[in-house]
Each structure stands twice: as C-alpha cells, then as structure tokens.
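Look at the two complexes coming up: chain A is in both, with chain B in one and chain C in the other.
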Partner chain A sequence: MAKQYDVLFRLLLLGDSGVGKTCLLCRFTDNEFHPSHISTIGVDFKMKTLEIDGIKVRIQIWDTAGQERYQTITKQYYRRAQGIFLVYDITSERSFQHIMKWASDVDEYAPDKVQKILVGNKSDEEQKRQVATAQGNKLAKAYGMDFFETSAFTNHNITESFTRLAELVLQANKKDLDVLRVSINDKLNLAALEEEEGVCDSSSDAQKTCWC
Partner chain B sequence: MDQSVAIQETLDDGENCLIAVQCLLLLDNGTESRLLGLVEHIKEHALFMFMHRRMAITGSDVTLQKIIPISYDFSVVEVSSPEELAVVGADTRLRVTFLNEEIEFKLPFGSHTRLFLSEVNRAWCDVCEQYPKSPKFDWLTKYQKSAKEPGSLPSIAASTGKIAKRERSHSADTRGHKEDKHTNSSTDKARGEGAHENSQERVKGEGRNELVRLSTHTVSNKAQMLTMPQFGLRDTLIKCELLKNEDAYTYIENFSFFLGTYNVNGQTPKESLRSWLGCTPQPPDLYCIGFQELDLSKEVFFFNDTPKEQEWMKAVSEGLHSDAKYALVKLVRLVGIMLLFYVKKEHAEHISDMEAETVGTGIMGRMGNKGAVAVRFRFHNSDVCVVNAHLAAHVEEYERRNQDYRDICSRMLFRQLDPTLSPLTIMKHSIVLWLGDLNYRISDLEVDHVKDLIMKKDFETLHNHDQLKRQMDEEAVFVDFLEGEIEFQPTYKYDMGSDKWDTSEKCRVPAWCDRILWKGKNITQRHYRSHMTLRTSDHKPVSSLLEIGIKVVNEESYKRTLEDIVRSLDKLENECIPSVCLSKSEFHFKDVKFMQHRAETLTLHNDGQVPCKFEFIKKLDEPAYCKPWLTANPSRGFLAQGDSVDIDLELFVNRSTAPELNSGQQQLEDILILHLERGKDFFISISGSYLSSCFGSSIHTLCQLKEPIQDMPLETIRELSLMATSETNSPDTEKALDIPKELWMMVDHLYRNASKQEDLFQQPGLRSEFEEIRDCLDTGMPDTLPGSNHSVAEALLLFLDALPEPVIPFSFYQQCLECYFTSGQCKMIISMLPQCHKNVFNYVTAFLRELLKNSAHNRLDVNILATVFAALLIRSPTKQDIMEKRKTQEFFQHFLVQETH
Partner chain C sequence: GWGQQKAAGDSPSPRQSVRKNLEFEPLSTTALILEHRPANLPAKPAEEAEKHQQQYEEMVAQAKKRELREAQKRKKQLEDRVKQEENIGNAALTWSQEILPNWTTMCSSKRVKELWWQGVPPSVRGRVWSLAIGNDLNITHELYDICLARAKERWNASSAPSTTTDTDTGDAGSSHADREASLELIKLDISRTFPSLCIFQKGGPYHDVLHSILGAYTCYRPDVGYVQGMSFIAAVLILNMHTADAFIAFANLLNKPCQMAFYRVDHSLMLTYFAAFEVFFEENLPKLFAHFKSNNLTPDIYLIDWIFTLYSKSLPLDVACRVWDVFCRDGEEFLFRTALGILRLYEDVLTHMDFIHNAQFLTRLPEHINAHTLFSSIAAVSMSCRNRKWTQVLHTLQKDPERASPVLKR
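And then the complex of A and B:
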C-alpha cells in the first residue's frame, strides 16, 4: 500500500467588510453561526481536512479584514494563496460592484496559477436582495469563475463551494502533486510517531528465523 | 544630537564609542548630569562616564570621570522606585553594579535609552559568550590616571573570574512592583556563586530572545503535534479514534467457520474428503483446514518441497461443501504442517490484511518437523488468526508441548502493513482459532482401561486423564482458550486403513491428539467431532464448526464516524492555533507636539492553549514595521499560556520627522501588523493629530507667517511649504518677514536678558521649560518667553538643529568646505544665500558677536561659539567626519571675529 500522504494548501477569503467572510469560515470549519458582526481586524485562519478523490487535503483558510483601510496591507497575503474566494453580499449592490476591484487586485498580487470562485453570500435574505443571481452568474462567467450563492446562516452551499475551490486547486496543482507522491519524505513522519507514541518495539521483523 | 561624537574625540584609535546617552547620576544630595558612553575595543566593552558642559559636542566638552568595565561581575538592573509607580513615560532608573560598587542613573524615557540598554546588554552577552576567556581590559589602564576619581579601576583582572547574575527586567514587568530588594539580594547571591552557573545565567541574561529560540522545542502535547507538518501522526490518531469508536459503525454478524485438522502420516490422499469437509447441512462461510505429517520423506525435511502439497490441496478443494463456491485464499506450509484457508466466493472481498507465517520448534528447537503455520487476516472489521500446530510427541513430553506452544506464541510474528508498527503476535488478535495435532495424551491409565472406557463411551472419565485438559486446568498452556465438549473417541492411534486401535508392538494408548480450540468473544461451537470413515492415516480427522460473530462495517455510519473524528481533530487543531487578545486595536494620540514623548500601552494576553511568539512585522515595501516617529517596546517576544505582556507604543516626533508633519505632507497614521508565529496577524491602527510647530518648519515658511503657527490653517502652511520648495527667493513675497519671528523672539530674549549669563549655551536647559517655550512660540501665548536663559538658549539651538534646510542650505555645504580658509570667499558664499537664509545667518552672527563683547561675564569665546553653532548652521547632507567638522568651524569663525579687530 502506498504511503499515506497529505496535501496542504491555502485558500483566502476576500470581499468587502460585512459580506460574511468570517461567518462562511465559521460555518465551514466549526459548523457554527454567529449572527452579530464583529469586524475582523487582521488576518485569521483555520484548518480543515477534506477528502477529494481519495486524497486527503488539508486546507488552511485565511480570513482577511475587509475594511478598506486595511486593503493595502491585506494584499501582501495574496501571494501565499492557491485559491481565492471573492465574496459579496447579495443584499449589497455595492459589495458586488467592488468584486471587480478585488479581482483586479488578485490579478496583480496573487500567483498566476491562483484559482478563484465567486460567492454571493446571504442567499437566505431573499427579500433584501439587490443582486440578482443572473448578475452573479454573468460576472462569474466573464471572469471564467465558478459561482455559488451561499448562506452561512442556513448552511446553504457552504461545503459545496469550499470543496469546489479545493478541487480546482487540486486540479491546477496535479503535476506537483504527482511529484509529491513519489518524493514524500516519510522519515519525518516516522520520527514524529516514535517520539509521540513510543511504539518502537525492540523486536524487529528482521529477526525472523525460519530455517526451512 | 549624537553625543557619541564628542566621546569619540577623546578615544584612541581602535576604540569606538558605539552609543552615548545623557543621563542623571543619582547622588545622595541630588542629581548631576552625566554622559554615558559605551566604548568598544576588540570585543571588549566598557561604560565611560563623563562630566560634561551643556550638550556635549566636542571632546573638549567632556571630562572622563569613571570607567566601568563590562565583565562577568557587571550588571544592569532596571529599578522602579515606589513613588514612580506606573507612570508611563517616566524616566528609566538604572542600577549599575560592578565589583563592589553600585551606581544609579536616571535615563530619559524613550527609544534612545532602550537602544542604549540593548547595546549594553549585547556587550554583556558578548563577554559571556567568550567565557571562560576573561576580558583583560589592558586598553583601559591608560585612562586610569586621567580619570578624575583615582582608583576607579581597582584590579580589573581580579574581577573577571566572577560571574554576576543579571536580572534585566523590563519595565513592563517591574512596573507596579517593588522589586528593589529582590533584585538586590539575588544579585549579591549570584555574585558569590561559581562559574558553572554560566550557561544558566546566560539564558536569563539574554532573556526574551533566548526564550523565543527555545520555545520551538517545548511542544509537548498531542494537539500541538497535530499542527506540525508531519502528517503521519494525524493518520495514527484517526486510526486510534476509529478503533475506539468501532461500536458506533459496526454490528455483529455471525459467520460459520469450518475448522479441520488431520494428521495424514505421510500418506497420499486415497479417498474423498467430502465426508469430513462436507458434513455440514449448510455450506460454511470459511474453511481452515490443517494437515500434519503431510510428507515424512527426508527431501521435504531438507528442501521443504513436496508433491503432496498439491495432492492434498486438490483433495481438499474437491471435498469442500458442494453447495457453494469457494476461493483458496492462502496456503501455508512448513515441512509437513500445512494450512489451507478458503472462503466462500462472495466473502473474498471482505478479506484483507492477509499474512501467513511459520515457526519451527522441532530438532534443535528450530526445525520444521514440529512447529506451527498460521494465517492472520481481517474479515470485515475483525482480526482473525488461525494456527495449525504440530507439537512434540511422546506421552511423557507434555512439558515440551507446553514449551512448543509458548515458543509458537512468542515467535509467530506477523508484519504489519505499516512498516513503522511493531509486528503482531498471535495473542494480539481478538479471534484466535488453534487446531492441529497437539499430541497431548491420556496419562495414568492402562491401555486396556482406556479402551474399556472408550467402549463404554465414558469420555468424561477419560477426559479427566487428558494431558491437555489437565495442563489447561493448571493454566500451564492455552490460557483463555476454550474447547468444546469431546464426544468422540480418541483419534489416535489406528491401524492404517482400518478403525482398529494400534496393534503394533508399541501398542500405543489411544489419545485425543487432534484438537481444535478457540479464543475470543461471540463464538459458539455448532459441532466438534471426528470422522471415522476416513482410513488413510493412523489418525482420524477432526472438525469443528464454529459460529463466530464478526464485526461488520456499516458504511454509512463509518463515514459519519470518520467525519466526526476528522472534524474533532480539526477542531482540536484550530483551538491550538496560537491566540492572544489585545487590550485595544486602535490608538489615537491627540495633540502631539514636537519632541514630546507620548506613550500608550497595548496589553497582549495569551488566551490560547499554547505558548506563542509574537512580533511586529514589516509591511510590504516598507523599511520597518512602523513609521519613524513610532516604536513598540518590546517589538517581539514570547508569551506563555495565560500570561500577559505590556507593549509600550511610544510616539516621538523629532527633527527628522517633524518637517513633513508640520507641512501636512504626512499624518500621524500607521497600521502595525502584530504577527503570531503559526497563528493569525492583528492589525493595530495608530493615529494622531500633530500640532504644527515652528520647530521643524523651514525658514521660508516661517517668514511668511505673521501669526503663531498654530493659529494658521493647516492648508496655508501646506501651501507655503510647497511654495518654499518651488520658488526660493521669489520677489513677490511682498510682506514676508525678514527672519522668522520665533527666531527673533528667542534671540531678542537672550540679547536683552542673557548677554552676561555665565556659561550660556553650555548649561543644559530644563525639559519642562523647553516645552513651555515651544508652546509659547507656536501659540503666541504668553507674550514673553518663559523659562530660564539656559532653557531659551537650548530652545534656540534646537530650533536651528530642527530646520529641515539648515541656515546654510545643503547645496552650499561643499563650497563651504572648499573655501573655509579665505574670509572673503566665505562671505561671498553667504551673500549668495536665499534672502531669508542670509538674513537669519547675519542676524545670528551679529547676536553672537554681541555676546563675545561680554565674554568677561559669560565666559564665551570664539572657539566655543564656533563649535556650537557651526554644527547647527552648516550641516552636512551626509555623515560628517571630524575633518569636515573642523573646516565648518573655521568657516564660521570668520564671521565671529571680523569686526572685533
């Protein structure tokens, strides 16, 4: 059996302040929802393990401050991302219009191979909707991105959108992955295990004695 | 002003003054100003303490008083006295101990002091790093005579063997505590202790940095390990958790295992085995069939190769229950001991982790004429081990058989899929099925008696004489194994081809040699019998049908359990991401003034589950983590769980940052990134309002301002300063002042009040008075300048020093150097200056010449004034060396002496 291996990559949540980036992350990783809005002041992250096509994928999801005054600073985090969520709020026309600015920043600062998807959050607030699904679709199409309308509140399309972006990143990095498959250094794992579990029994199978 | 230059002038070649700080020496009856310099000479360091005139500018301004060599016995302790509790921005009080002396200083609050202390700290660490090499301080002896206090260098060499404890506690830690006594006693104590303490002490000495480095090795619990990139541990944890929660996703389902054992005495199969293997009404799910003495030839013994293997396997395959299709999963053989493992076709996919092993216990305890073969496999979610053993023969050898059993148990090792795991023994399996010719006999009974009991079918009496039963009762062998009730006659020894007891000379006592035992939960025996109709061997085959409860996986709940485990591991990991909480994330400094220290405290509290390292990190494309007018102290560090640290955010606008703030080109605005290693980043917003000041404003701008600068709209100042850069000397500055009124106010004040003031420009002023003077100049209130003459004099010097463009603009500097020796040319240069600069120059020199007229009172001379003012009026755009400095002084002297003769 092949050695177990994992893939780790970073996804970044971008979008205006208040569109629900932190809520999306909380719903996805902890399955929790906190309705009150506390501005993220800084850059936070959480880990999540997914299995995609039999590959264990560990993703580090970075949640960024959306407030305008921090935007010059958050840009320096783009280059470390392999995947980016561009998030707007379907009840805010303004946040949708800003997607273009976010996208052009991504083009400028993120790596070329970065995968993007468009997410229209708060799909549960239908009565306050300002951005039609068709508009989202159209914009996503123009940028060649996948599009999801999500709701962190009702847990609608959350896992789907995260998994989709992870899949895209996985596909885009398929080549590197195959290299990884061959060159994975399991010595490191071994050492960690022995230290941790104290499992290294003194008897070894090299001592097997069979005279026949 | 960098006073290390003045100290440098007093030093020899190869000695460098790294940094200097002006401070107050604490005496019994008050304080006196001193200059402290850190001097280095080939990796040895000493603190030089100087008495000094005013702000020391040249070597002649300072007088060496004391040298404090930095050796092992040196220590610097920051102390806070009770009356100065918790005053942010208070001066730093320092106790320096060396040899048997103790000196206390007060250092001005601020980043320069911090820098000085960190340099001293580093020098001390250098000494310790070189241990056991002691610093010799030979280079200091020449100063011994010149130092004003004789004997300030008593026996340096004697001191170097000792080590002093350093308790350099940060103000953040000591603030609010009365620590004087504590630090005192520990310092004393440490001084008496030996050199072996060195390494320990160093950890303390280097303090925070050392801890930071160590922290990467303190990972101790599983949760922290999880966050490490070695993913193997995660997999193991998942496996463990899956095993723990097995009940949640498995259910027990019964499967029938047909077990058979047959000692064939080296014969080839002659009859169908169906009556043995196919005796059950329903086809069993699995077959485990063991043979012994498959081949008794020498060839098989030496080469382990026999045609009988195929023959018997074929016979078995043909004899299996006819109502089902079976797949041979494994055949394993050691000489004459063979085990065949079949499963019903539909179960094959649920067999995994299949391994087979053999152990010889025969001749020399190793050969394969006796011993065991075994297979292990996982059926659905249960681990099963099947052993076929042939133990030592002969009636009296039951101890030997026990030993064979133990040898098999200890030596039968199955390697695991994961090569990092230790191999599995038989007993590690939850289900063990053990069959074979175990060779235990019936003892203590005569042959005839045995046969009589068999005739009467009194198997119970007979069984009480069975060696295996006895040994098991004594727990000497097969502990925890079970065997079904024996209701068949002994299977050994018959005349071949018959059902007659052995008629040979030996006339063996009949015995239940061939047995089937099991160990494990959820196992029921359906039958246990011999098969008399088979007559090929001197043994009869035995079979047992077991119904075994196997753990079968419910795919859906398995998936759910796995997801739960992964989620909880993720959660654990997320909880172990370093985390701190901040007392505040926005800081506003209101009405910041020029050269005014402002500080706010940011408290970090580690509310996470792991220790963390924090650090302010640079933003992209910026040279430092913050703007030049700001510092964070400490800017990096280590924080244990539950601990807190206070970070001082210090704001100080000096002459290099003031101009752009005055003109409104820059604002007091910054965002700091506080980074936690392996954790999140915080953004900390700093903002402030700066009150424009004449200090740090250009001559040109000030000449345009008829009102105090703070009465002007910021926009006006901004426009004026932009104009200053574009059109110097413009003719339409119709109503411009000749010189800045602020300059006039100060000079006029000194002219009228301080012409005869003793030591003018040589005594330092008071900080508090400077602040009043600054406010007066910037707001126009009150009408006259407050403060002593010395304070006004210092304000004047600071004013000139803070000019963004010096009185002699940078562009003229080179020319000044070229013609400093010719009075005429020097004056020529002055005549070419922009009008307002020229005015200022002439005004200041005129004032100074007035002062010189009173030199009898104020004790000023051309030399002193040239030294002080040349450095301010004629500044180099780059770093100035001593030669250049002298030239500028000579340049300036021409203007002081010209009209005196």
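And then the complex of A and C:
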C-alpha cells in the first residue's frame, strides 16, 4: 500500500464558544455548513490531506471546546500542536478581546516553534460587525501573525487560511522536513507501517527534534 | 398512480420495488403472453405457445408465493410488535403497581435489578430516575421557584441598558462580566442542544424550560455555574419529567462525586478517574489497550465527551436513556463500564486504525448503535480487577496520585 502522505502535523482551533470553530472546520474538510451545530465538548477531530510544493501534507485538526472552564483540559493539547488558529467572531467584541488571553496561554503552553494565525470569522455578517478589519489587522501585526477574515457560511477565505497555516508549519519545519524526506526514501518499506506517532518515532530516532 | 405512491413513501416496501421493475411493461402481462400473434404474422408454433403458457403460470405462482411470504412476514412483524408492546406494557405495570409503591424495600431486589437492566419503560422512567438519583440536597419545588425568580431578575437586569458596566472595577466587575458571559453561553448552547429534535431551540416547546433549569442552577450553585455539557443532561431530564422534578434531579445528579469532579474541572481528580478506567481497560481489552497506548490515544480524548454529557450526545437518545437507566442503578461505575462496552463492541475496527481515525471514530460513534448489541457487550465487561472493584481501585489511586495516568500530567 502506498503511503497516503509525506508529513503529518496537528493544527489546533482555539477561541471563545460560538465563534464558529467547528463550522470553519466542517467547511474546510467536508465543504458543509450547518447553522445549528451541536456544541463541542472536550475535543473533536478532523483530518485532510493537502498538497503543498509537491509534498503531501496530512493535517489533523483538533477542534476544542471554547468555554473557559474547559481550558484546564484543552491546554494539555497545546503542546501537541504545530499550528494554532486563534479564532474570534467579528460580531463579538468580547471574543476579540479574549484573543489576548488565548494568545498568552498559547505562549505558555504550546511549543516555541508553534505557528499561529489570527482568524476573524463570520465576515458575512457585516451588519452586525463589532470588530473592524483594521483592528484585526493591527492585533495580528502586533503578534506577528497572518490575519484572515473568513466566513464558513459563504466559504470565504476558508481554504486560504488553512493552507496558509499549513505552509507556515511546513516552512518552520523545513530543516526537519528535508531530513525526514531522506529518511522516508531510505525506509520506504517501513513507511507503509508508519502511522500517526510512527512518523514521529522514526524521525525522533534520527533527530534531536520531533515535530509532528 | 405508482409514481405518486413511490414519491410519498419514504422507504419503498418490497412490493413497491417489484412493481417498479414492471413499470416499462404493459399493464397486463396476460395481454402480452397469452394473446395470439397478430393476423399478419405466422401463428406461434404449438410448442412455443405451450412454453409461454407454462412460463406465465410459473410467474403467477411465484408472485402468489411472494405475496404469501410477505403477508406472513407482515403478520410476524405485527405479532412481534404487539408482543413487544405487551412486554413494555407488562413491565410498565410491574413498575408502577408493584415496584414504585414499595420502592425502598424492592429497589435492590434481584428481580427488580434484572428488570432494570432490560430498560425502564418510558412511562415510568422519570419517576424511577428521580427515586434512584434521590434528593440528598433536599431541594423543594419552592426552592426551585426562588432560584428561577432570581435567575429571571438577572436576565432582565442584563437585557436592560446598563450604565454601571463601564465603571465596574475589580472583583465585582469581573464577576458581573462572568455572569453575563455565562448567560449568553446558556442561550448559545440551548440552540445547540439536540438541534435535530427541534424542541429546545427558540420557539420550540421546551426552549423556556431548558433555559429556566440552567438559569436556576447558576443561581443555586454560583460556585459551579453553567458548564458546557450541562444543557444535554438537563434536556434528557426534561424529556422524562416535569420541570421542578427535572431541576431537583439535575442538581442532585451534578452533585455526585464523579460529575462534580468533571464539571468543576478538578483536573487531578479527573486524571484519577481516567487512571482507574485504564486499569479496567487493560484488564478487559489488553490488546486494544496496548494499541491505544502505542498510538498515544489517551482516554481523556473520548471519555470527556461521554462522561460530561452522560452519553446523550454520542449515543442515539433511546440507547443513551438505557445507559442512564443502569447509571441510576449502579452509579458512576456504569459510565466507565459503558465506555469499555463501546470499546469492546468495536474492538476489531479500533485495533486496525491509527490515532486520528480512532479519535474520529470515538468522538463520532456510528449512528445506528443498537441497544441490545451494546448491552450484550457491556454485560461482558468485568468490573473486577484482581479481586478489586471499581471503588477500591479508584480510592487506591486517589490516595496515591503518583499512580495516576502519567501521560496527562504536566
């Protein structure tokens, strides 16, 4: 059986309850939109394989519950991520203010190399907007992050934002990746057996850092 | 015509699908087969005519047989349904006339326990749950009214234009903001509770009831407040009992040690529960346990959702209610036993999948899980490990937190 992907990494969706994390994800992986979504309790999972610069990238996306109370639990997952979406809702000033809290938690708990982008969702609800695009831009700049306004409803900037974060993670791990690709070619027969942590184990044997 | 009939029925009956095959043929097959050939063509040879006659008779005979078979099947289905309804009716009678009036003496008898395992009839389910959950908190209907009135005051206060928010500082300010956030979160979550049932959403018959119970609880237990997942528990209770009784059951249920640990997110105690679960997981399903371990698939990933919502989000509602039945009988242990029952039921699939596929599978279980199959699987789970029961294992781990699951500790 041919290996379905060359590299694998985890992306995490963070942000207040109701900003549309699950909807963004459903649009990205299944191209579906359900306005009355069921609440996420704990963490949910999706995956998708993208091709970036000829590399098959499988991304696992961890979709977390947004309520503050759950952060004790979800913080445990930060350190397993290579990329993080910080999501707010452009119709909710409060969800935007909370981005600072989310970002500082990420600094504290996620790996140093973690890549982040800022996402202002629900861009289709212009008449209810409370957060100007300029505010989002400014905050993203202050954190040195890329910024996207998205709409899961109209499918605006969804693929773009996911692909961008995937590219950033790929770039950040370029050095490891080159070594990894060599090792994949070397152990082509092993590759079929590798799954999930398997990739991690085989690369960490040869390397100082494990990035998946 | 048939076309209309087909469009109207959701699932075409076998008979309809047979008809569909004939759609392109003349209405009467007799016309086709038995008619002599038109006069301008040579007549059918006698042999061919006889063959056609024979084929026609075979078709008729088969059709008759099929109809008979289907009639028998329908009769059997009807009998089964009548029998099932009779069983439920009988069970309901036993529960309401024998067991419920003598609850304290009968509830722990072997016969009742067996009957309980088979599922509490929906007509008495609410009463059985109420009695089994109990009311250690001594909540009265009056107390519920008081809590609800206070919650309503807050809703009104927060919807009125506020002039104090800007000047609020310090603790008072933040707690005010917290309260507001939690009120908004309740509203948001109500619309996301069993959305497919369309009864809790705005304008639905139980929208206000669900809102009231969750609001009253935040006034009754401000230290716990509203936590996501609660809306599912309240909703299941509302479907089975009256509002004030649902509130009493809700508050008492959340007051149980396991539920308190989870809803207050007492992380170290949650880890202890996961560790105890892993002891029984390894005992019952060593192969799957090893597979999960090597894939770094920790129990928190699937147990959090299952325990927080008591399976009401992950299992079909009727199956979830059966789990609640025995959870009311056996307590928290049964929640973990159910988890092992689910893992055992899907062991073969799960041992052949990697981390992400397993995580996806367990956080979104198959929609068609059948109660009977699941309960057979749960029945085969042993909640005894080297002669130690669930509570003993849990207490030992609690005394020695170092033995709790090391994977999740930071």
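The rule is simple: the second predicted complex is superposed on the first by the 178 of 212 C-alpha atoms of A that agree within 3 Å, B and C clash if a C-alpha of one lies under 4 Å from a C-alpha of the other, contacts with A are read in each partner's own complex, and residues count from 1 in each chain.
Here, contacts are C-beta pairs under 8 Å (C-beta built on N, C-alpha and C of every residue); 3 or more make two chains touch, one makes a residue touch a chain.
Everything numeric in this text was worked out from a predicted model, so none of it was measured.
Of the two partner chains placed by superposition, chain B and chain C are both touched by A:69. With both structures placed on the common chain, the touch criterion links A:38 to chain C but leaves chain B unconnected. Once the two complexes are laid over each other on the shared chain, residue contacts for A:108 go to neither chain B nor chain C. In the superposition on chain A, A:48 makes contact with chain B only, while chain C stays out of contact range.
In the superposed model, more residues of chain A are touched by B than by the other of chain B and chain C.
Applying the stated contact rule after C-alpha superposition, one finds that A:17 touches chain C and leaves chain B untouched. In the superposition on chain A, contact of A:94 is made with chain C only, not with chain B. Contact with chain B, but none with chain C, is seen for A:30 once the two complexes are overlaid on the shared chain.
Residue overlap on chain A between its contacts with chain B in one complex and with chain C in the other: 41-47, 65, 69-70, 72-73, 76, 196-197. By the touch rule above, chain A contacts chain C in their complex via residues 17-18, 36-39, 41-47, 60, 65, 67, 69-70, 72-73, 76, 94, 195-198. Residue ranges on chain B touching chain A, taken from their complex, read 222, 225, 227-236, 304, 334-335, 357-360, 366-368, 411, 413, 415, 417, 420-423, 566-567, 569-571, 573-574, 577, 585, 619-620, 671, 673-674, 680-683, 685. Note for the complex: chain C touches chain A at residues 181, 185, 188-189, 191-195, 201, 225, 227-229, 231, 265, 267, 270, 294-296, 300-301, 304-305, 308-309, 313, 354-356, 359-360, 363-364, 408, 410.
Chain A contributes residues 1, 4-6, 8, 29-31, 41-49, 56, 58, 65, 69-70, 72-73, 75-76, 186, 188-194, 196-197, 199-201, 203, 205, 208-212 to its touches with chain B in the complex.
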